[in-house]
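Here subunit A shows up in two complexes: once beside subunit B, once beside subunit C.
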Partner chain A sequence: MASLIARIKPDDFPILVASGFILVILLAGTGYTLATLGTMPLLTPNYLLTQLQTGAFLGIVAAGMMTVILLGHIDLSVPWTMTAAAMMASTIGGPAAIPTGLAIGLCVGLVNGLGVAYLRIPSMIFTLGVDSVMRGLMVAHTGGFAPQDTATDLMRYLAADKILGIPVAIFVWAAVSIVIAAILSRTAFGKSIYATGNREAAAYLSGIRTRWVIVGAFVISGLCAASAGILLAGYSNKAYQGMGNAYLLPAIAAVVIGGTHILGGRGRFIGTVVGVILIVLLNSVLSIMQMPEAGRQIIYGTVIITMLLVYGRTARVTS
Partner chain B sequence: MSTDTPFVQLSGVSKFYAGVRALENVDFACRRGTIHAVLGENGAGKSTLIKIMAGVVTPTVGDLTVEGRKEHFVAPSEAVRNGIVCVFQELSLMPDLTVADNISIADPPRRFGLIDRRAQRQRAEELLARIHCEDVDPRALVRDLSLSRRQMVEIAKALGKKPKLLILDEATSALTSRDVETVYKVLGELRDAGTGMLFISHRMHEVEALCDTLSVFRNGRHIETFRKGERSQSDIVKLMIGRDVEHQFPPKPAPQQRPPHLAISGLSWENRLNGVDLKVGKGEIVGLGGLDGQGQKELLLALFGVLKGVGGQVRIGAGNGLTGSPAEAKGGAKRIALVPEDRKTEGLMLPMSIADNLLASSYHKVSSGPFIDPARAKAAVDEAIQRLQIKVGRPEDAVATLSGGNQQKVVIAKWLMTDPEVILLNDPTRGIDVGTKQELYRLMRELADRGNAILFYSTDYAELIGCCDRVSVMYGGRIVTELEGEAITEEAIISASLNIHTPDAKREAIAS
Partner chain C sequence: MSAISATPRGQRRASALETSFKQNRGFYGAIVLFALLYITYNFLHPRGFTTNVLIANANESVALAFVAMAQAVPVLAGGLDLSVGAVMTLAACIASELVNGDPLRMAFGCLVTLGAATAFGFVNGAIVVYGRLQPIIVTLATGAVAIGLALLIRPKPGGDVDLDLNWAATNSLRDLAETYHLFEDGEAAWLQPIAWVPVPLLILVLVALLVWVPFKRTVTGRTIYAIGSAEGAAYMSGLPINRAKLAAFTLAGFFAGCAGLYLAIQTGSGNADIPQAGAYTLNSIAAVVLGGVSLLGGIGSAIGALIGALILRSISFYFRILSIDPLLQPLVEGVVLLAAVSLGAVRALRVKNRLELFR
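Up next is the complex of A and B:
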């Protein structure tokens, strides 16, 4: 057993723990339903696909968030980037809807990246400020009311339709995941993200253009948040104030539970996917168990802290 | 003036850092009422000595007695309680607090449990008056003071702790000549009042002017202690060098005139570089000598494009102009590589794999389109490991698992992968074993023979003598002496480093 644990790479350990915990959640939930209803709805494909569809929005946000966290930064502008992209997409409408939303994400990412990389403002403060500015702009744009525009057909198709019984949103999540995973593991830019996150000085002195790397990562995060916002608008058929608020903390939690080091430099993309699934299932099972909101929040927070404590116990390779 | 029992006495003290010896079996004593100079090259153990006395580090073995009592300091505050106070080389003031706050930071005067600002200010005024710095306002923020004034505040702060032994580690290096005079006077007054002082300085004339007892350290050993005047300056220099084990260096080629590939003129940066002129030809290894902190590191960083606001001219090959960033330095026509000073924080991403570290500067070389080609990446990594004979388990292992020497080889291999023409080395052999050192010396010569221009800063004089075709010695941000061929001797380098003149060193001053 000990030798088996020793063979696991440090980066993979959190992923295994999180995967194990997903099984625990499913089993506990099934035990509960067996005891109360005598059925096992949690293990049906239908239930799992629904969970993955819910997870798709969070998964796309978390994918972008991960690129930023790998640098040791954070993107707190996600909620209103999502909302702004969704609102502008549904306002513009027609074939230009989705490109407009993505352009919003690109711009927010650029502003964040330039602010953090060139003005050297801590990302936690800068992105918080940008989030607030975006909220102000959206309130000005809508007059503070829910806009009347509805999502376009394409947005609805991507978010809520199904191909062969599988929600299209899952395919979108899969596509985004493949792109981000390929960037992180197969491109010079991805390697530069890890290098910069590990030790910015060493990366800079290796001739990596660390500022561009930072800008690039924030642009990815902005684009991902915008995509999630557009999908969410398609799912609920319209954009509304504060639609992104519920995604910020779960996205950060998913990335960190998936084993990405909050100070940057380490983490595998598959971990983030596992983290997203864990969070979505945990939420769902707790609500099936009819846990009151207060108890859900407490359990949710405790799980995150406990898992990070467990990860902290793994041997670190440091000098 | 000295009393009979020493105030502080070390007997049989050794200190090891992770197996590396910093001090070995040192017996040392210093008395009240004397100014005692400690001399030695970089890495001779001076800093460790004072850190032990000030309670910053504890000795691995050996005893420390204060006024005959055996003491075991585990924190600087305990040393202070025993009257041993240190003015450190690095300024320890908090820039955003006032002078008065800083002076009383450790033990502010209190009234009803709250800091008594008036008493604190009075105390600061008294102490500043004692070191003849009445012009410093205790309410001023430290950040607004000049470097020299800050150093004076630092001394006032130390005096506030009522020292019986005051340790001054390079405390005069930042002072203007006016403040130096003041400090001399203050130190003289303190000595007459019975305070002992331990004075560490690289400026020989200061030591001559101020101290009555001198101790020489070399390679972590206490070589000799004598009274001022018992030894001549050249004797002292000889004691500092000693007769060391000779390193194995590859043979040097016959000296020849080489057209300069890298030509620097009038390079300046803030107050650290004050007009550096230097030429390095293809196939040539030029050494940078001098004591720590005379601008050698800044020179290398300026050439590599790290520093902003560099003045002067740099010509590399046919191309003119300063470098804007490391990314620019490594590519295009310049093709510069820098092996940085601290491989753990500047050279390597320690938790990342050996392969990723090796490729960090050359991803574009192993990519096709946006994607890294795994086959080419692997081939490049294997070649690099092979070429420098880096002893690795698997290239996927974290680079932190390697020994210091092999880590340094990874840094160098990373840069050789970029196929550089100018190679800047910042003390590349620090903290690595003798065997690897020899491999690096051979590698440097091999690279030079292939037509690279190499600029090599080392704190080890033996390396400069053994490896370099020419040695430029820096002092105060400029090159004061250039030595060539037979003229590269330990005596010549040391005297040039201390900026003193000894008759047996052939000197060729190129800057006043």
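Up next is the complex of A and C:
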């Protein structure tokens, strides 16, 4: 047993613990429904697929957020990038809707990346500023109300339709995940992200163009946020003010719970997927238990801290 | 250093001022920016340079100023506190339950409010120090807990904060004296020169001078700066790192508690408003940066953050007097924030050795 634990790589440990916790959540929820209703709705494929569909939006945001966090940066512009992409996509409409939304994500990512990489402004404040500019643009564009335009058929198909009983959104999430996981583990750009996140000066001295790596990561994050916004607009059939606000903090939490180090340089992509599933299931089980908002927030915070206390502890600073 | 040098006293003082200016460029820049913004605002305002305008502005700025000071302390230690807005909300909800009845009870209520917020900050610090977790993610989680507690205390907006206290704390010194029949109902001769001073401003300045300034001069306070500059070096010098980090988060809790208490007294109620808490946290980060505090730690002060908060608020005051389309307001705010932080960063484009940029 001890040798088994010793053989687990340090990067895999968080993923195992988080997966174990997902089982605990499912069992606790099932225990609750067995005791109150006498049925086990949580373990039916239908329920789990619905959860994964809800998780797809968060999963795509978190995938982009992870590339930025791996650099030791953070992208706080996610909420209004999502909203802006969704609003512009539904305003333009037609076949150009989705490309327009993605173009917005690309532009926001470029601006973020250039500000952080070239002006060396801390990402925390620069992306925050970009977020409020996007919010300002959208308020000016819509007049502060929810726009009347509805999502296009393709957006609705991607977000809410099903293929062979499996929601299409899950396929989209899977596709985004595979692309990002491949970028991170198989390409020179992915390796440069890890290197730059570990120590930017060393990466620079070994010939990595770290500024372009940073710009690239922010562009990925912008594109992911935009895709999630477009999907969310398709799911609810329209874009509305503040639709992205509920995704920023859970995305950061999912990335960190999945074992990615918040200061950058360490973390596996599969961990982020596990983190997203954990957060979505936790929310869903708490709402099945009819937990009031107060209790939910407290449990949510406590779970994050507890999980991190198990495996997120950093070394003591001694030199 | 300067004590050993044989330069005459006056010259020494001048060079000390020069050094202070060089070391706190961001802080002095913030003061100049704020003075320009606020004086211009008063010129443009139809009833500018009057007590009423000052009081109204002060009332709107106090909560954000306290939250910005709360944010500044952990940032100086190289951390970040994403729970300040939530702790403020929690404190406001506690205060909305307790600050009423006879004076003794109200004082007790204020103490409990501040105590609870301070304790919450201490818990943040304890998790960061003994749990050895990153502050940003710890406070993200404890912020959720604080909002949860606030919702438990006050599921619906409301509360009854003492009306006399509300009136006294949100007006001028004369009104304060009149409310509580002090100093001949505020007509005492010695009070007249300062009778126009807004009470909220006075509270803010008093807390800053009586809490932050003495604290900064202690070993613990200096250690916060040392940790922000180079934690390893601070450890090797034998500075009390754990104590300083604990103190930084505890003080953040206290300042956030002041913000919540004032907000409850000002609005007469408490409201566990999650978007509002988030907005205050994000604005506090912006205020800290505008006030010349480095997000990397080690440079700046809570007073700077206070000025930063005043700058942020001054910008929003302009929207009322210049007939700017309210729909453009968020856009202008965002652009001003981006421009302000970018101006300070143009230096990065001129650095010759790129290695200097990495830290």
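Definition applied: the second predicted complex is superposed on the first by the 311 of 319 C-alpha atoms of A that agree within 3 Å, B and C clash if a C-alpha of one lies under 4 Å from a C-alpha of the other, contacts with A are read in each partner's own complex, and residues count from 1 in each chain.
Methods note: a residue touches a chain if its C-beta (ideal position, glycine included) is under 8 Å from a C-beta of that chain, and two chains touch if they have at least 3 such contacts.
Owing to the predicted nature of the structure, the values given are computational and were not obtained by experimental measurement.
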item: Clash or fit, subunit B versus subunit C on superposed subunit A; value: clash
item: Partner touching more residues of subunit A, whether subunit B or subunit C; value: C
item: Contacts of A:266 with subunit B and subunit C, given as first, second, both or neither; value: first
item: Subunit B versus subunit C as contact partner of A:206, first or second or both or neither; value: first
item: Subunit B versus subunit C as contact partner of A:156, first or second or both or neither; value: neither
item: First, second, both or neither for A:191, with subunit B first and subunit C second; value: first
item: Partner chain in contact with A:298 - subunit B first, subunit C second, else both or neither; value: second
item: Touching partner for A:73 - first (subunit B), second (subunit C), both, neither; value: neither
item: First, second, both or neither for A:238, with subunit B first and subunit C second; value: neither
item: Intersection of subunit A interface sets (partners subunit B, subunit C); value: 199, 201, 204-205, 316-319
item: Residues of subunit A that touch subunit B when the two form their complex; value: 182, 186-189, 191-192, 194-195, 198-199, 201-209, 265-266, 316-319
item: Touching residues (chain side subunit A, partner subunit C) in the complex; value: 74, 76, 115, 118-122, 124-126, 128-137, 139-140, 143-144, 199-201, 204-205, 242, 245, 249, 252-253, 256, 262-263, 292-302, 304-305, 308-309, 312-319
item: In the complex, subunit C residues that touch subunit A; value: 80, 127, 131-134, 136-138, 140-145, 147-152, 155, 231-232, 235-236, 241, 275, 278, 282, 285-286, 289, 295-296, 325, 327-335, 337-338, 341-342, 345-346, 348-349, 354-355, 357-358
item: Subunit A-facing residues of subunit B, complex; value: 304, 306, 325-327, 329-331, 338, 340, 344-352, 356, 359-361, 363-364, 367, 370-372, 398, 400-401, 414, 418
